[in-house]
Each structure stands twice: as structure tokens, then as C-alpha cells.
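What follows are several structures.
Look at the two complexes coming up: chain A is in both, with chain B in one and chain C in the other.
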Partner chain A sequence: MSEFLQHLINMLVLGGTYALLGIGLTLIFGIMNVVNFTHGVLYTFGAYIMFIVVQQFGLNFFLALPVAVLAGWLLGAAIELTLLRPLRGSDIDTTMLVMIGAWIAMQSGTLWIWGGVAKSVATPFPEAPLVLGPVSVSWLRLFVLAAAAMLILVTYLLINKTSLGRAMRATFQDHDTASLMGVNVDMIYTSTFAIGSSLAAAAGALLGPVYVIFPQMGDLAAVKAFAIVILGGLGNITGAVIGGFILALAEELGAGYVSSGYRDAMGFLIIIAVLIFRPTGLFARAERVG
Partner chain B sequence: MKAIVTILAVAALASVPLWLRDPYLLNALITTGIFVIGAMSLNLLLGFTGQLSLGHIAFFGIGAYVSALTSLGFDIGLLGGFRLVHTPWPPIVGFVLAILIAGLCGYFVGLLSFRVRGAYFVIVTISFAEVVRLVALNWVELTQGPLALTNIPSVALPLPGFGELTLRTKFHNYYLVLVVALIAYLLIARLVHSHFGRSMRGLMENETLAVSVGIDVTRTLTIAAVISAAIAGAAGSLYAHYIRIIDPEVFAFINTVTMVIMVISGGKGSLAGPVVGGLIFGLLPVALRPVMAPEAQWIAYGGVLIAILFVLPRGIVPSLAQRLTRRRSGTTALAPVALSETGAKEPA
Partner chain C sequence: MTRTLGLVPAIALATALFGGAAGAQTIKIGVNEPLTGAFAASGTYVVNGAKIAADEINAKGGILGKKIELVIEDNKSNPTEAAAVAEKLITSDKVPVLMGAWGSSLTLAVMPKLMEYETPMVVETSSSGKITTTGNPFIFRISPPSAIEAAAFKNIVDKLALKKVDFLVINNDWGRGTAEDFSKMMKEKGIGIGLVETMDQGAQDMSAQLSKIKSSDSETVIVTTAVDQLTLIFKQAAALGLKKRIITTGGSQNPDQIIAQAGAAANGTMHLTTFLPWFPDKTPNPEATNYFIAEWKKRGFDFAGCTESFRGYDGIRTVAAAIEKAGKAEPAAIKAALWNINIKGLNGDIVFRKSGPEGKESGQSQPNVYLIEIADGKIEMKTL
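Let's turn to the complex of A and B:
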């Protein structure tokens, strides 16, 4: 029983960052209809920003997180402006392949700049974990959970309570009509991609110090993000949050009770199963066609 | 005209080992040839049915593992204490089994995947390839996991009356790959120009219209998926017996991306496209190796992919063909090559 409780605690920590990754991707996929293969690189990028700020510049750990979010936002906006805006109106396969090209180039760039040796980031948290009866959790992981929860809340408020969020939701529903009503759809696309990218960078910045940082760390993260988006349904933010926790639970239980070698297979199996049995996602109501 | 170009190209390719003595270049040509076969099979799906499969390497890898395990033998425990023991069979049997089993996997993935289209189809195919990779990595008893299957025997051709010819040298393997590539090319060409090929293209161009004239969507797409997977399996088998060592990294996503780049750059939906694109991108690393660090090569690789999609979105071969026709006819007709004969015109 205590083992199961421990898995639940781990699930909460992991699920929070997965939800961040998923929200970012579901926004981009849902609003722009772009299958964003650079999402994983942005995650890696966020982690390296954390490494640079903390280890190389010796600045405060808590300052590094907003820096990573901002850097992710800028890189995302740059990708959108240079690669996606000129291809507006192309079919989804073309933009997807361009994103794959960008992913290969950027990941190799990371490898070139920082090398393949895994890096770790020193944290200001005590080594000793917080023990709560039968389970224990490190202070760093608690911070990760809290920060992820805060970022999810901020994104939720941004989408649902601001005029930018209203314009994004309108564009998601029907970009022609939104454009007729005076929404600057180009600006919405750039903002969406930038926000999604900054969330991916935040997830990387949060999980990077928990594990180690290396150039290919984003590959699995990207696939997991796709699994979460498919679980939650396209463009569904609440679905992405729940999907993040479901994937984390499946991984924890899979690793704990089946075999740790198949931990990372859970995301793929979920994708295949969901697409066979409920292609619109677990939480989809009637979906628009088109 | 077209036939002359084809014959000249084949003759040129067949003469290469006679004058090229550099083993490094010959090796690059053989592996490129194997990937060109994979790219041709991918083109059958991507270029003629419009389905972008990003898990194509799964069939290649399955072919490689089936062929290797058939010729190496294995001894694994099954549920309930049974053991499955297989004694080694000749590599040529492995080659046939690789085609059959990869085709079978293509059938199941085809059945599953064509329920979902577009981006979701892409993601299902990626997931399938990754699950297969993780199985190859973790089922150590069968696949040796990350330790790799080693000492895979070379292909031996039985020659009636003369015993066996073991294809061990690069010289032999070059011709083996060339022959298999030619067979695959002719098979795909035959298929594309048949009634079935017109059904495929009809579906790609206007599914509603194609269905209304009686083309069976699921059947057509499934057959295309099976043939495509079987050819990829054959390529995988050649790879296993040529390289003679395979590990789960054969399933790496970057290998699928390489095939996709070959198809897209050469021109999807063009028979010669994957060959031209494959030769360019297969030999590009060889050309870049003396001038660039490996990481920089990959940056260039990604950059070239983006550049091709921006500048030549339809690929090299269709763009050249269009330019030639335009010059000859003196008009500026923009009829896309793939649209020249539509299957939908012909009732099924």
C-alpha cells in the first residue's frame, strides 16, 4: 500500500510538468493545426537555459525559471515568424516536415554547442526529503509541482479571462470569422506558438534539475506531449491537464508493476489505444468538423 | 526517350563497382541503395495514396530482425514453461520471411491506421515504430537488446550444379542491392500504372468521387500498405545481411526521417523521385564529411529539408519534368504531373 501511495506522489509531480507540455502542444495543434515537432527541442532548450543561468552565470535558481520561460517565448515567436508564417495555407504535411527539419537542425545545434555529456543543475533545496508517514518526496519535486500548478493556472486565466485568450478561442473555433470580426489572426498564431513554446521551455526548466540535461532529452518529451494531446482531445486545455496526470499514472504503474524498461512505452500504447477506440480523445464532446 | 534514360541510368549504376575501387564510397552506395528501396516503398504510400507514414522504419527494422533471427536461430521461453527453439535456416529463407512478416505487420497497421487520417495517422505510425523499438530493446532473450545481434551470415545464393555463392564482398552486395532495387522499382511502376494504381491516385485526389465510382477505400489503402511494408521488409533484410550486426537503434526515428526526406526532395508521386532524392541525400553525408563536423552536418541536413520544402515543394523530379515539358510545348501550362491521369475517370 505504501508503495502505491509513493507511486501516486510521483505521479503528481510528473503529471504537473506533463500537463504543461501537453497544454503548450494542444494550443498549437488546436489553434494553428500545426503538428509541432519542435516542442521537444523547446523543452530541451528550457533545461539548458536553466543550466546556463544557474551553473555558468551563477545566478539564483528561482530567477532562472522566468528567464527560461521568456527565452522559450522568444524562440517560439522566432520559429513562427520565420518558418510558419511564410507557409500559411500550406497543407499540414508540409508544415509538419518543416517542423521536423527545424527539430533536427536545432537538436544538432544543441549537441554542437553544449556537447553530448549530460549536465546537472545544483538546486537550493535540502538533500533530505520530506517524509510524510509511509511516503517521502524531495523538496525539489514539491517545488516543481507547485511551479507547474501555478503556470497551469496562469495559462488557464490567460485563455479564459483576457481579451487575447478570447481572440485565441475565437480563432480556434473559426479563424475566418474571427478574422472578419477584427481579430488579427497572424498575431494570434504567433502568440499561440510563443505561449506554447514558453510552456514547453518551462517544463524542461522544471524537470531538467530533477533529472539530467542532455540534447536528446526532448524527443521522448515531445512524444509524451503528443500522447497527452490525443488523450485530452485537440485544443482541450482541461483535457491536456487530465491527460498529463493519466500518462504520469500509467508510467508510474507500468514502471512499478510491469517492467521499468516499458515505462516509456506507456505513452505510445495510450496513443494507439485511444486512437483506435476513441479517436476524438477521452473528454471530447461533439467536435467541429473541419 | 524515357526508356532510354532509364536504361542508361541502370547501365551507369551497374558499371560502378567495375571502376570504383574505394571501399568507403562503395559502402556508402550500398547503404544508400538499401535506403532508396525503403524510400521507394514509402513513396508508394506517401506519393500515391497521400498517407504520410512516419513509422516506416518499423517495417524495415522488423524485416532486419526477422531475417537475422531466422538465419541465427533463437531459443526463448514462452508462457507456461514452453520453450521455442529455432535452429538456423539459410539467409535466403530469412529474406522471404522478412518480406512476408513485414507485409503482415503492414496489414495490421494498415487496418488500424486508416480508421484515423491526417495528423493522427502520422502519430499512430510513429507510436507503432517506437513500441517495436522498445520491444526490441527490452526483449533481451530474443533480440539481445542493446547488445545487438551479431555475426549475421551473408546472403548465400544456391546455384544449381555449382553449390552456393556467398555474397560476402561489397562487390557482390552492390549487385544484390541493385537487383532488388530494380525489382522493387519495376513492381511499383507496374502497380502504379495498373487499374489498382489509378484507384490509389483517385483516392488521393478526391476521395468522395473515388468512393462514388465504387473504389473500396479500406481495401485499396490496406493493399498499398501491405506492399509498401513488404518492400521495406526486404530492404531491412538486405541491411541485416550486409551490415551483419543490428541493434534497436535501427528503429530510430531519424531513419524514417531520412526516407521521408529522400521521397519529398526527389518528388513524391514520381517513380524516379525517391531514387534521385535518395542518391542525393544518401551521399550528402559523404560529401559533407571532410568539410563539416558531424553535428554541423545534421544542422545542414535539417536546413536542406526546410529549404527544399520552401523552394521546391513538389520535389526535384516533378519540377524538372515540368520545366522540360513547358519548354518543349512552349506553353506555360501548370498541369501537375500527378494529376495527368486520374483514377476517378475510370469506373471500377
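Let's turn to the complex of A and C:
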């Protein structure tokens, strides 16, 4: 029983960060119809910003987080303005290839600057974990969970309660009509990509200190983000959040009770099942197709 | 005028060709190591150790009157890349001999290429038994296979009073091979084997496996993986309140790095290692060990890397000794000469004995294995 409780705690902590990774990607896909292959690199970027700010400049850990989010926002805006805006209107394959190119270039750039050896970031949290009866969890991970929950809430409020959010939702439904109603669609695209990127950078900044930081760290994170987006339905933010927790649960229980060798396979088995039985995602609403 | 202009590319071509010929004045040694990916830290240390050996040899005038040149390629911790890198080094760089490829799965992927191009390779780190038992006569290994590690560990299991152990190993030839060889030895000793958990080489979160191990009835966990993942395991085990004795194998632990990064969580852990940079006087070759450590520090490298980098140093010295003995830098001659070398490595004499099926034996040297314990952030040696 205590093992099961420990798996559940692990799932909560892991799921929070998976959700954060998923919403950034689903937002960009939903609104812009762009398969963002740079999501993993932006995750890595956030982690390296954390490393630079905390380890190189010696600044406070909690100050470094907003710096990483802001840097992710700026890099995302730059990618949108330089790579995606000139390609507006081209087919999805062309943008996909450009994004794959950007991913490889940025990852190689990181390797070139920082080398392949992993870096770690010191945190202000105590090493001794919080012990709650039979289960225990590190303070750092609790903080990561809380920060992820806060960022998800902020994103939700931004999309549902602000005029920018209303314009984003309008663009999501029909960008031509939104444009006719006076929405600056170009600005919406840039903002969306910047917000999605800043969420990826935030996830990297939060998880970098938990694990270690190296140039290819984003690859596995990106694969998981894509899995979560498929689980939750493309463009569905609530779906991405729930999808994040489902993936974490599948991995924890799969590793705990089936076989740890197939830990990463568990999530993907679920995705195959989802694609077969509910190809629009677990949480897609019924849609009129004809 | 047109004719003169036409000469320019011809001269350029000639220079390039002669440049290539000038390059042949050095003896090339191919180095196939993971410089990026999951084993980046370890591979980089090995390469830095190899460079110390090359510089030392060249400072003394090289071999056969020529300088040696290391052609270093990154196998990206990926078996497919490791095989491609070996092919590139042999066919394009024309190296007569290789050193590599750090991980067992990487080395195993390279092995068919060695057969194809009949080029020998000195294996400096890999510990899977399969490497020297499958009948590849181009393999010469200076690191201990996990069976040698298990045999060395056998002498101390009574003293440690092991009753039941769990395993947490990297999910590749190295980890699974270690779990197999250690389980076999322990069963003979009447020690119970509990869980055998695996982790992907790139995995960063081992909480699920550790939670399972936490709830088992074993008192000891044998962990096999490289330093980056080990550090994460120590941190995550501490966060989960896992209070079992941890013993690591494989010699890629870099204990100083574990102490620096895992702090108190590292206390009480034991590590099977193949080099003793902390106690140079207790190594088989104190003079060489002191020289190597001094040179390593002089170059500003992290002391923690010594337990890994010495393999690159010994590997290149092994290759150089064979080329010298062969009298020429050709694959077949080097392969034959490798059987006849006897050099003082930092971890015991390097002499290759036959291993594997008759007629196509691989070479296996018999290095020492040591057990160390981390206590109060310090490294102590245990007698095996």
C-alpha cells in the first residue's frame, strides 16, 4: 500500500510538469496549425538560462525563473517573426521542415557553446525530503509542482478571461472571420508562439535543477509533449493537462507493477489505443464533420 | 594568362595531395568515444586521458620515428553512430587501429565492422562479458568484464553480510550483463536475489523504480550505470527516503563527483572501481599514477574524472606499445603484436590472454578491481 501511495505522489509531481510541457505545444498547434519541433529545444533553452543565471551570474534561484520564462518568450517571438511569418500560408509540411531545421540548428548551437557534459543547478531547498507517513517527496519537487500548477492557472485565465485570450480563441475558431472582426491575426500568432515557447522554457527551468542539464535533454521532453497533446486532443488545453497526468500515471504504474524496462513504452501504448479508438483525443467534443 | 589561371587549381590540388602525404608522417589512432548524449561526461574524460598519453609519447619522440595522431570521433552514446564512426575512421581516415567505444552496447555495435575491415580495437571501458566471448579476434580489452568484477566482489560478500539484494541497472548490454554475472555469483553464495529493475540510458527520473525497491525486503541494492545517472539516483533515493545500502559497479562512478553532487546522500555507499587515484601508493604502478594525476591536474581537469580518464591513457599506451612492437602501422601487424605486449598500466600489467571460442579468441587483460566506501564525504578503501 505504501508503495502505491508513493507511486501516486510521484505521479502528481511528474504529471504537473508533463501538463506544463503539453499545454505550450497544444496551444501553438491549436491556434497556428504549426507542429512545433522546437518545443524541446525551448525546454532545453529554459534550463540553460537557469544554469547561466544561477551558476554563472550567482543570482537568486527564484529570480532566475521569471528570467527564463521571459527569455523563452523572446526567443519564441523571434522564431515566429523570422521563420514562421514569412511562411504564413504555406502548407504544413514546409513549416514542419523549417521547424525541424531550427530544432537541429539550435540543439547543435547549444552543444557548440556548452559541450555535451551535463550541468547541474544548485537549489535553495533542503536535501532532506518531506516525509508524510509512509511516503516522502523532495521539497524541490513540491515547489516545481506548485509553480507548474500556477503557470497552468495563469495560462487558463489568460486564454479565458482576457481580451487577448478572446482574440486567440476567435483566431482558433476561424482566422478569416477573426481578421474581419478587427483581430490583428499576425499579432495573435506571434503572441501565441511566444506564450507557448515561454511555457516550454518554464518547464525546462523548473525541471533542469531537478535533473541535469545537457543539450539533448529536450528530445525526450518533446516526445512526451507530443504524446500528451495527442492524448488530450490537438489544441485542447484542459485535455493536455489531464493527458499529462494520465501519461505520468501510466509510466509510474507501468514501471512499478509491470516492468521498469518498458516504462516509456506504457505511455505510448495508451496513445496507440487512443489513436485507434478516439483519434481526436480523449477529451475532444463531438464535432460536426459534414 | 588563361594558362596561369588554370594552374591555380592544379597547384591547390597538388598542395592538398601533398598535404595528405605529409599527414601520413604521423601514425593515426582512431578514438571512438561518446562525447555527447547519455555518456558524454565519461567519454570526454576518456578522451582527455588519451590525449595525455599521446602528448607524453610524442614528447619522447613518438613511435617508429613518427608522432602519433589521435583521430577523435563522437559516437553520440548511440550504437548505430558508434558503428558508423568506426567505419568512417577505418575507411576515410585510414586508421590502422582503434580505441573505443566506452559502452558495451557501443562496442558490440562496432565489433562487426572490425571483422569486416580486419582492424583491431583496444576496448578501454566496456564490461559486458559478450564482448570477449563471442569470437571476435580483433578485440583486445583492458577493462574488467563484469564476471571479473563479480569474482573480485565475491571475497567480501561474507564480510558485508549480504542477505538479499535488488538490482537497478541500465537497460543495455552493460547493465543486464552485470545483473546476470552478479546474480550468478550471489546465488552460489546463498544470497537471495530480489527485484531486477532496469532504466533507459537516457532516463532522468528513476523514482518509480526506486519506490518499488524501497518497498522490497532486500537490504542492499546493486546499481550499475554511469555517473550522471548515478547522481540522479542518489538524489532521488534520498528524496524517497530509501535507506538501503547501495553498492555500485562498472567503474564509471567518479566517486568525487557523487560526493560533490549528492552530498550526504552518498555516505555509506560502496563502489567497485578499477583505479585508485586517491591512494597512488596502493596502485600497481605508483610512479606512473602520480605522473598521470599530476598531468591531469596541470591541464585543469576535474579530479573526479581520473577514475574514468586513466582508461584512455592506458588504452593509448597499449596501442602505442603494439605499434612499436609491430614495427609498422598496419592492422594485421598491430593485431599480432597486441598478443605480445606487456606494459605497466595504471591498474596492473596489461597482458592479453585468450578468451572466447578457439581459433578466433579475443584478448582480455586482467586488471585489478577495488572496493571503496564513501564515509563522511571521504573515500575509504575496503580490502577485497
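Note that in this section the second predicted complex is superposed on the first by the 285 of 290 C-alpha atoms of A that agree within 3 Å, B and C clash if a C-alpha of one lies under 4 Å from a C-alpha of the other, contacts with A are read in each partner's own complex, and residues count from 1 in each chain.
Basically, a contact is a pair of C-beta atoms (placed from the backbone, for glycine too) under 8 Å apart; a residue touches a chain by one contact, two chains touch by 3 or more.
In this text the structure is predicted, and so the values were computed from the model without any measurement.
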item	value
Partner chain(s) touched by A:Tyr211 [first = chain B, second = chain C, both, neither]	second
Touched partner set for A:Pro86, first chain B, second chain C, both or neither	first
Touching partner for A:Ser120 - first (chain B), second (chain C), both, neither	second
First (chain B), second (chain C), both or neither touched by A:Val98	first
Contacts of A:Phe29 with chain B and chain C, given as first, second, both or neither	first
Which superposed partner A:Asp264 touches (first chain B, second chain C, both, neither)	both
Which of chain B and chain C A:Met106 touches, first, second, both or neither	first
First, second, both or neither for A:Ile272, with chain B first and chain C second	first
Overlapping contact positions on chain A, where the chain C interface meets the chain B interface	111, 259, 261, 264
Chain B - residues contacting chain A, complex	52, 112, 115-116, 118-120, 122-124, 126-128, 130-131, 134-135, 137-138, 253-254, 257, 260, 264, 293, 295-299, 301-306, 309-310, 313
In the complex with chain C, residue positions of chain A that touch it	2-3, 6-7, 10, 13-14, 111, 115-118, 120, 127-129, 131, 136-138, 141, 211-212, 214-217, 220, 251-252, 254-256, 259-261, 263-264
Chain A-touching residues of chain C, taken from the complex the two chains share	35-37, 40-41, 44, 74, 171, 197-200, 202-205, 207-209, 211-212, 214-215, 228, 231-232, 235, 238-241, 261, 263-265
Complex interface listing, chain A residues touching chain B	29, 35, 83, 86-87, 90, 92-94, 96-98, 100-109, 111-112, 219, 223, 226-227, 230, 259, 261-262, 264-265, 267-269, 271-272, 275-276, 279
